[in-house]
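Order of writing sets the labels: A, B, C and D. Residues in every chain begin at 1.
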Amino acid sequence: MHTIGVDVGGTKVAAGLVDEAGTILRRTRRPTPSASPDDVEDVIAACVQELSDGVEVEAVGIGAAGFVTADRATVLLAPNLSWRDEPLRDAVAERVGLPVVVENDANAAAWGEYRFGAGRGERHLVLVTVGTGIGGGIVLDGQLHRGRHGVGGEIGHLQMVRDGRRCGCGLRGCWEQYSSGRALLHEAREIAGVRREYGRRLLELGGGSLDGIESVEVTQAAREGDAAALECFSVVGGWLGQGMADLAAVLDPGVFLLGGGVSDAGDLLLVPTREAFRARLTGGGGRPVADVRLAELGNDAGIVGAADLARSR
Amino acid sequence: MHTIGVDVGGTKVAAGLVDEAGTILRRTRRPTPSASPDDVEDVIAACVQELSDGVEVEAVGIGAAGFVTADRATVLLAPNLSWRDEPLRDAVAERVGLPVVVENDANAAAWGEYRFGAGRGERHLVLVTVGTGIGGGIVLDGQLHRGRHGVGGEIGHLQMVRDGRRCGCGLRGCWEQYSSGRALLHEAREIAGVRREYGRRLLELGGGSLDGIESVEVTQAAREGDAAALECFSVVGGWLGQGMADLAAVLDPGVFLLGGGVSDAGDLLLVPTREAFRARLTGGGGRPVADVRLAELGNDAGIVGAADLARSR
Amino acid sequence: MHTIGVDVGGTKVAAGLVDEAGTILRRTRRPTPSASPDDVEDVIAACVQELSDGVEVEAVGIGAAGFVTADRATVLLAPNLSWRDEPLRDAVAERVGLPVVVENDANAAAWGEYRFGAGRGERHLVLVTVGTGIGGGIVLDGQLHRGRHGVGGEIGHLQMVRDGRRCGCGLRGCWEQYSSGRALLHEAREIAGVRREYGRRLLELGGGSLDGIESVEVTQAAREGDAAALECFSVVGGWLGQGMADLAAVLDPGVFLLGGGVSDAGDLLLVPTREAFRARLTGGGGRPVADVRLAELGNDAGIVGAADLARSR
Amino acid sequence: MHTIGVDVGGTKVAAGLVDEAGTILRRTRRPTPSASPDDVEDVIAACVQELSDGVEVEAVGIGAAGFVTADRATVLLAPNLSWRDEPLRDAVAERVGLPVVVENDANAAAWGEYRFGAGRGERHLVLVTVGTGIGGGIVLDGQLHRGRHGVGGEIGHLQMVRDGRRCGCGLRGCWEQYSSGRALLHEAREIAGVRREYGRRLLELGGGSLDGIESVEVTQAAREGDAAALECFSVVGGWLGQGMADLAAVLDPGVFLLGGGVSDAGDLLLVPTREAFRARLTGGGGRPVADVRLAELGNDAGIVGAADLARSR
């Protein structure tokens, strides 16, 4: 029987009808209403109604961008949605008349990759989602790691640099300030801003303005072989590998999967990341080394993962 | 029925006969022979023989200072014992005629604290053992976390400072170089070496020589209220809390247990550690905060934990 | 008799007819032609012609943004003007038929402040000009310090942070990347970019865009008492005081003068700078402490200084 | 006519009768009495008496390890001698009946090198004395740079690392904690302490004990080609070159002279220092580069310099 996976982000709600093999049979997508949780729950219910038209649906899995309690019922805190202690599971279950499971969105994506994506067959994995910031999901011995209060896996906030760059979480020096889309732009704009000759191509692609340089411009310049743009990926990948080495020391996964928008740059990011990971892994030659590879499911990972979690609820 | 727990360190083998409630009924201890694994295995067997005299023993658990494979049979690498790929489980089982389980020593200690010590009733915990370096064991949802290859939990090698102090693992800036007995001495000797007046009491207790200052002198001076010695604990506790905050972001445990020789200083270490942990935890007010407290079993944790793991093998 | 002072910057040539008391009697200003040194020299000559109309002029002093040789004849390198080894003294002297002295522009400004501004009566001073970057001029025992090759006083390139922010000079971590208008914006935009609530006022004044935040907005917010804006000045002033403490250790001036566009913020910058300077000065209580105060002559310092140098050539 | 130069250090008073060519004709040396300034002044007077036996002496120059006022009469603060505001010039002049000049000891040494040593013919130079800490003397345009209060040239306290190693001056991160004999040992002992295999030769030369490793052992191991010892010199030289690059940006000397006990290692220190200096000098290709070479006069520099200062008082 099919299940429905829903991915609730700050700007849109994406959902899919998913079969047992992880294939998305139908899709829908709506803007996230900015108002009350009630409105968002109505939108989720509408998506579910639309997708279940004419088919039998077993359950609904929701991946939400926020801290979810260990019982997978309540969203403790969702900064982008301005939610606090929202009983999302019951609110949606009541609307749709189906069993509902709520999960952190990055966890759902990790689960999707574990079951049907680049992590198939590897019972210990970490998904590192590199977008504006860093998100992550951890699967240990074939189980999602959720932690005592359900708030584990906030890997983007490992401290990399004491008193370093400010982070939205209120701390300084967090990993996601050094290994994200934001970090890539930080490097590119710093170079283009102070080293005119070296950063000329970046500035040019940015239309002559620092603010015009976005990730896509850095990627394009790097693909052309521009040294400054390649340096940006090398720096970001260097920190990415460092954080993975930290995680490997603690978690010892079999594989790291690199996902998120910035990972669309492929080898430009993957190669320096993997190199740094190996160079900075503790234990020298005596320690087995995890693989580092790209995630496969892209934006579908959350839908597919949430749907599968609903099945195995 | 009873089991035997054995703690194999670089200098001594300590073992105990343990009942189901985690009580050590008999103890023994012998020097670790520095020669071949064979000799160590003979010593372990001799301890088991001695302890099982006249009682029925169900199984033997061994905690060894090294990387242990995921099947808990082989010591991959034990730097202090100069072992590589040693099939310890079978070698001892053959000698003693009992089922044997091998575990990393810090993991065994974490398990001991979880089952019978300061972690009772808390299914998600991290034991941070602060001795010369930092060791650690992680219990997640009531299971020891071992990782894909059995080498997880090497928390002492989280990088704290880019290009920082050299570590025995070959990297630089590892946590254990900033939050250990070695780190405490580093601070104390630096102060006493360059700031004569401020560090006078430390130097005095060291018999006038920097090298005479050991952990016990720093602790004594701190107990007397000496500002320089208190600063040493504050610095070390500050880094300790930072590393715990990193681990909490990833693992979300319910409690951190502080063990190892340096934790004998009690509140001198615990108070600044806890304070730094809270200040450096990501997620601000919206995130549940783990407790930080002292471990309870001291050096017995490894024996008790290994014995219990043998029971539940 | 009067002299003429000329300040040659990347965008404009400003000149004045100056009397012995340092008063500017007439002024003129023209855009800097972007083409060849020849064109710039023509513009300088035209300014001199205009200013000397009907008065007797003794000599011309030119302050130029670049390295000037020790014989004050040649501009070795002027990055903003794209000059190399330009014999500026003779080229202008030939055009105007007067004795000409060439000096680095920041040196000329320091000399102006020493003779007629905030440094009167103090034979050892350092002018720190905080604009987009940091420039500086040093007067020691009543003489401009120029160095063996005339390229001394490049104080903006003291290294503050190993492997820190990139600098236009090709190095990393230079002082001017931490204590300048650029640095002020770096802090303000980082705050507004990642800490929404805290940085709200800054973003608002920037018209809702990070790139809309310029120095004037940070100053305005700080004047309103906005905590985030005050933090920006505190950080920049903190590094400014650190660099001054470094310079004081080496040079032991009687006073530091704070000039440049960013110093228009007055006490907002001066107070944290002075505080940091004192806290970070070596030698503790036993060492006399230099005064730190605002420069007085603003943009006129270069003209007045160059004119006076021409007189005492 | 001859003058006498006296070098007053924390442990010994060394003096010499010096001719106009800077040749030391007679020498004497006595332990520095640890008690009152009076006693030290008596010892200085005794040295002068001894050296002037049978010859006519014009004046006495004293180099003292401390801050000396700009009028070269009073020792403001001498940490190693526990002096404050000691009118050394008059106290000695009264005892010996000759004109006396007092100078900071590192300044005196710089002057000696400038007049008769490795700095002959170079009117802008910096002497960097690398011993336990870093001392320095600066000659600008053929004049000793003393500063507004006579306390300039404290180059050892440039900050290299924010919140870095503690310094005896009460600050953290001072240059002399990274580029001195103390720093060399810091590196060597850290390596030998945590990286057993790599640091084996150092430990061996230290007699098996970290504390047994002194500068002479590091130098010996480096001469044998030991990689760990060479790394120590490379690190210390790297920081030395960095600090010189900072000084060059500000002072633009023609030459840096490397003196002090650690410089006895010769090329082992000089080569990495020079390399780092060039790599970290601001201004890229357009800037003239100072020479970096070894000082020539060794411990005599202070005596010879002080004697010459007495002549040209």
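In the analysis below, contacts are C-beta pairs under 8 Å (C-beta built on N, C-alpha and C of every residue); 3 or more make two chains touch, one makes a residue touch a chain.
Keep in mind the model is a prediction, meaning the values are calculated, not measured.
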From subunit B, the most remote chain by mean C-alpha position: C
Equivalent of A-C within the choices C-D, A-B or B-D, defined by over half of its residue contact pairs recurring: B-D
Subunit B against subunit A, contact positions shared by both copies (same if over half, else different): same
Separation of mean Cα positions, subunit D and subunit A [Å, integer]: 57
Euclidean distance of C-alpha centroids - subunit A vs subunit B, Å: 34
Subunit B-subunit D separation of Cα centroids, rounded to whole Å: 47
Junction residues of subunit A, two or more chains touched: 167, 170
Subunit A residues touching subunit C - in the complex, by the definition given at the top: 165-168, 170, 177, 182, 190-191, 193-196, 210-211
In the complex with subunit C, residue positions of subunit D that touch it: 67, 76-77, 84, 122-124, 138, 140-141, 143, 145-155, 157-162, 167, 169-171, 174, 242, 245-247, 249-254, 280, 282-284, 286-288, 290
